[in-house]
Structures are given as C-alpha cells and as structure tokens.
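In what follows, subunit A forms one complex with subunit B and a second complex with subunit C.
Up next is the complex of A and B:
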C-alpha cells in the first residue's frame, strides 16, 4: 500500500467506532475524527486507488463503483442506526486527518443544519410508472392540450391519414398529460405527509430495466416514528390509481436531504 | 408450500421493505452522486500541499450510464495496459 488518504463516509454528532460494527473500504477499520462537536466517520484508503488519478480511472469501472457504493452505504446505514447522519458524497477523500478536520470546520454550519434537518427522520423513495412510453414527468409543468378545431372539416386527399395521425398524437398527448397529472397528484399528497420532499431525475430504463415510463422519482423525508404510517399511506394512495404502478422503498438514511446549502 | 413470498416487482404498490432495506444500485448512485454532502456538484479531494482538486463526477456518471446501456462495454477498463 502506497500513501494513504482518509475516505469520509458520513458526519454525525459523535459515535464510537466499535459501536458501528462495520469495517470500511478494503477492510480498513473505521475511525472517527472529531472537530467542533461534529464527528466524521472515516477509514484509510490507498491513494494509488482513491487519489485523483485512481478515481478518474476507477469511477468508470462499474464493478469498482458498485463495490465502493455498497461499502459506503453500509457505513452510512450503520451510522444512521446510532444517530443523525449526513452522508457524504461518494469518494470524498482527504489526504490526512487534518484535511478531515479542515472540512468539518469549513462545512460546520451547513453540516449542523443538515444534521438538525434529518435527525430522527428517514427517507422513503416513491416511484410512479406509466405503462408505455411517456416523455413527460412530474417536473414538467402541466399545459392544456392543443386540440385541432377543424379536425373534421377537410375531406381532401390524405385527410384520413392526417386525421388518424392527429388522433394518435392527441391520444399520446392525453396519456402524457394524464401521466404527469397523476404523478403530480401523488407527489403533492406525499409531500403534504412528509417533512420534506424532493423530485429526483427520472431513471433511465436502460439502467433499471423497468417497464413503462417513470413519471415520478420522489424522495420523502418522514419522522422515523411515522415511517409505518407513511408506508401505509403510500399503499392506500397507490390503490386509488389503477393506471399507474407505484413502487415504494424505505426506510433509508436521509441521503436526499443532507445536501449542504450553497454558501 | 403453495406460494412463494412475492417479489417486490410483483407487488410494486406494496414493495415497502420492512427491515434493513437494501438500496438498489441505481437508487444508491442517484443519491451518492447526485445528493449527499457536497460543495458544488463536484467531488472535492484534498491533496498534499495543493488546494482542492475537483473531479467532475457528472461527466463521469454520464459515461458510466452510457457504458451501462451497452453491456458489452460495461466491464471495460479505460486504462488496461
């Protein structure tokens, strides 16, 4: 092993490394670096692999990426079982402990408000799928469909073809609008039931293998004590829409809600 | 035994996990690369004596996604000697 760096998994308010019951990347023992009442959970990694050049090379290697993402997630989950957790982005690496302390000082205010925001709360993922191919998602605002006013007037050559084409495009537009509306309704209802809500970018079916079109990829922050009730509510809500498929997963550490505010 | 426990895919509306939930890789990367604690959308790496070195992950993710779309390339290593 060459020069080593410190891989940062998550920040919390204080934790004993032994209580985590996990090891870090490549079997490196987890350690806690404290500064100003914040505690970063870190482990040593080889800079040949996790330094700038190594990362550039490895981040495009899916097996490597999955291994690191899973290890990162295991540590974040372990921290979340013991206290509030602000997960760090994948591959946040400092050269040494002083670098970690410097980050904790630099990000201190934001980290504290992130920890306040997510304490005793968990994240749920709720996705909505429409059958078939729909290009619009909940992030696109609704618009009235533009209907041709004179669809039945002309009787000239090619009119039937044009009419069929128009009908098909109307039907598609209607389905798209309906899909976007249902996704927006579900999101608004769940946002009302949660402490905070975010709409993530719809996932590419080539990555997930899902059928139909993802019209909502929502993340919801809910009080840990209300998690079961929230899950039940999602299920009930999903039952009211036969035309869409709703998938919900959780509870997860509050990944989507620990983002630092921009200075 | 007459019925196996349903898979999450088969009962999507009730796919809520009960215990320690395993995050799917795509969901995880959505969160670990797109959210999480980060300064400016880039990974920040502190190197010896040098200021912050930033790796533009978004570009990397795009190439990861392009690779994933084509299974023949998904295991390609960029720097194989």
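Up next is the complex of A and C:
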C-alpha cells in the first residue's frame, strides 16, 4: 500500500472502535480520532485509490461507487446504533490525523449543533406511489356523456375523437392532481408527527424498478423512542388510501437532517 | 397467474396477501426482467441519495468535496446514459435532482431569452 489517507465516515461524541463491530473500506480497521469532545470515525485508505486522481477515476465506476457507498453507510449505521451520528458525505478524506483534528476544531460548533439536533432521533423514509403511470392508465371512456346541445351540433367522428381526448386529458389531470393531493396529505400528517420533515427528489419508477409514479419521497426525523409508533402510524395512514402504495423504510441514520446548516 | 419468476431468494417465501404493505395492488411486475429488488430494503438509489447528497459536507485534504461532488453527480448522470446498468442498480435520483435539472432548465431558458434578445436587437438595428 502506498501513501495512505484517513477516510472520515461520521462524527459522533465518543465511541469505542471495537464496539462498532464493523470494518472500514477494504477491510481497514476503524479508528476514532477525538478532538474537543467530538469523535470522527475513520479508517486508512490507499491514496492510490482514494487520492484525487484515484477518486476521479473510480467515481465513474458504478460498481466501485456502490461498494464504497454501502461500506460508508454500514459504518454510519454502526455508529448510529451507539450514539448520535453526523454522517459525512461520501469521500471526505484527510491526509492524516492532524487533518481530521483540524476539521473537528474548525467545524466544532456546527457539528455539535448538528449532533444536538439528531441525538436520539432516527430518520424514516416514506414513499408514496400512484399505481401505474398515471398518464398511461387513465382510460378513454368509450361513450362519454356529451352535453345534448353539443351532441346535436357537433357531427362527425373527428369531433367525437377530440372530445374523447379532452375527457381523457381531464381525467388524467384529475388523477395527477389527486395523486399530488394524497401525497401532500400524507406528508403533512407525517410532518406533524415528526420532529422535522423534508421532501426529497422523487425517484424515477422506471429506473428503481418500482411500480407506479413516485409522488412523495419524504424523510422524517422522529424520536428513536417513537420510531415504532411512527412506523405503525405510517401503516395505518397508508391503509386509509387504497389508491396509492405507501412504502416506508427505516430507521435510517439521520442523513437528511444532520446538516451543517439548519435544514 | 403464472408463477414464472426466476427464483429470487428474496421472494421464495410464499407471499402472504396481508404483507406489511397495505397496498392493494401488488402486481407481477415486481418480478420483471431480473429485477430482484424486494419491496422494502434500501435500494442503491436510496443509499446514494443519502451518502452523496445529504449529510455533512466538510472539505477534506483530498478535494472531492462540494463542487466536486456536484461534478460527481453529473458524471453519474452522464455515465448513466447507459441506462440498463443504472436501472439494474436503481440509480436515478439525479433525474429529478432539483439542483441539476433546474440548472439545465435555467440554461435552456437563458438560451431562449438570449436568442430572443438577439433577434430583437437585430430587428431593432435596422431602425437606427
């Protein structure tokens, strides 16, 4: 192994590396660098792979990215099981321990307040899908009730066709509006039940392999003690809507809420 | 009902109708095209969405932070032009990333405005 750097996974308030029960990237043992009451969980990585050139090259390799992302997430999860966690963005790398300490000093205030915000709290992901692709599944009614006056005046198949098209597009719009409304309702209700809430960018169903159109990709910060109740509430809430599919996943470490600025 | 799903371990247990999801529609779609994504576990898209786009941003000594991470998202998007692979892995959050897409829309819009302005100026120049 050539020159090595220190890959930072997360910051917490203090943790025994052995208690994490995880290893770092490429099997490197996890270590804890402490400064000022903050603890960064790090491991050594080869700068040939994780240096600027290496990263630039590797970040274009999805398999590499997946491996690193999953390893990063596993460590963050392990830290979150033991205490408050502020996950660092993927590929935060210092040359040595001094560099890590310097970051903890420099960002100490912000890190501490981020840890305060997420301490004893977990993140839940709740996604809402409308079945199918709304725009494709709305059927064109064969015999739609035309207004009598129109029916008399408008003659010819062309007009019928246009009218049917308009009805279909009205129906589509209604379905989309309804989908958005349901998503908003669910989000509002869950936001009320959580300490903080964020709407993340929707994921595309074609690429995630999920059925339907994702109308909500929400993240909710809830007290760890309330996590079960929250999950139950999501399920109950979901049961009230037969027209959408609701998926929840958690607990996540508070990725969406441990930010340097107030989310 | 054709149970012809290519034996994915995750689906081997007979799916009880009253499974966790209260969703009424659970279509065979799920077992399509070698897609082994079980209904609930975090997809790679979920993980990437969080480890790349959320969390604490602190510049390390190796500078692939902030700006470079944005660059990374663009790279992924370009890379993902070979969509099959991405689809398999469930990567696509960048598609609707407001930062990226709004920037593009912004550029398109700006382009349109500039073109209009040029036309306007060219038209106007004959007057003066």
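Heads up, the rule we're going with is that the second predicted complex is superposed on the first by the 235 of 263 C-alpha atoms of A that agree within 3 Å, B and C clash if a C-alpha of one lies under 4 Å from a C-alpha of the other, contacts with A are read in each partner's own complex, and residues count from 1 in each chain.
Operating definition for what follows: a contact is a pair of C-beta atoms (placed from the backbone, for glycine too) under 8 Å apart; a residue touches a chain by one contact, two chains touch by 3 or more.
Owing to the predicted nature of the structure, the values given are computational and were not obtained by experimental measurement.
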Clash or fit, subunit B versus subunit C on superposed subunit A: clash
Which of subunit B and subunit C A:182 touches, first, second, both or neither: neither
Touched partner set for A:242, first subunit B, second subunit C, both or neither: second
Subunit B versus subunit C as contact partner of A:222, first or second or both or neither: neither
Touching partner for A:57 - first (subunit B), second (subunit C), both, neither: first
Which of subunit B and subunit C A:197 touches, first, second, both or neither: neither
Which of subunit B and subunit C A:118 touches, first, second, both or neither: neither
Contacts of A:66 with subunit B and subunit C, given as first, second, both or neither: both
Touched partner set for A:25, first subunit B, second subunit C, both or neither: neither
Contacts of A:251 with subunit B and subunit C, given as first, second, both or neither: first
Shared subunit A contacts, counted only where both subunit B and subunit C touch the same residue: 11, 51-52, 55-56, 59-60, 62, 65-66, 69-70, 72-73, 86-95, 99, 103, 107, 111, 114, 125, 200-201, 203-204, 206-208, 235, 238-239, 245-247, 249, 252, 255-256, 258-260
Complex interface listing, subunit A residues touching subunit B: 11, 51-52, 55-57, 59-63, 65-66, 69-70, 72-73, 77, 86-95, 99, 102-103, 107, 110-111, 114, 124-125, 129, 200-201, 203-204, 206-208, 217, 219, 231, 234-235, 238-239, 245-252, 255-260, 262
Residues on subunit A engaged by subunit C in the complex (per definition of touch): 5, 8, 11, 47, 50-52, 55-56, 59-60, 62, 65-66, 69-70, 72-73, 76, 86-95, 99, 103, 107, 111, 114, 125, 131, 200-204, 206-211, 235, 238-239, 242, 244-247, 249, 252, 255-256, 258-260
Contact footprint of subunit A on subunit B as seen in their complex: 8, 12-17, 20-21, 23-40, 43-48, 53, 55, 57, 60, 63-65, 67-69, 74-75, 77-79
Residues of subunit C defined as touching subunit A within the complex: 20-25, 27, 29-30, 32, 35, 37, 39-52, 54-58, 60-65, 69, 72, 75-76, 79, 83, 85-87, 89-93, 95-98
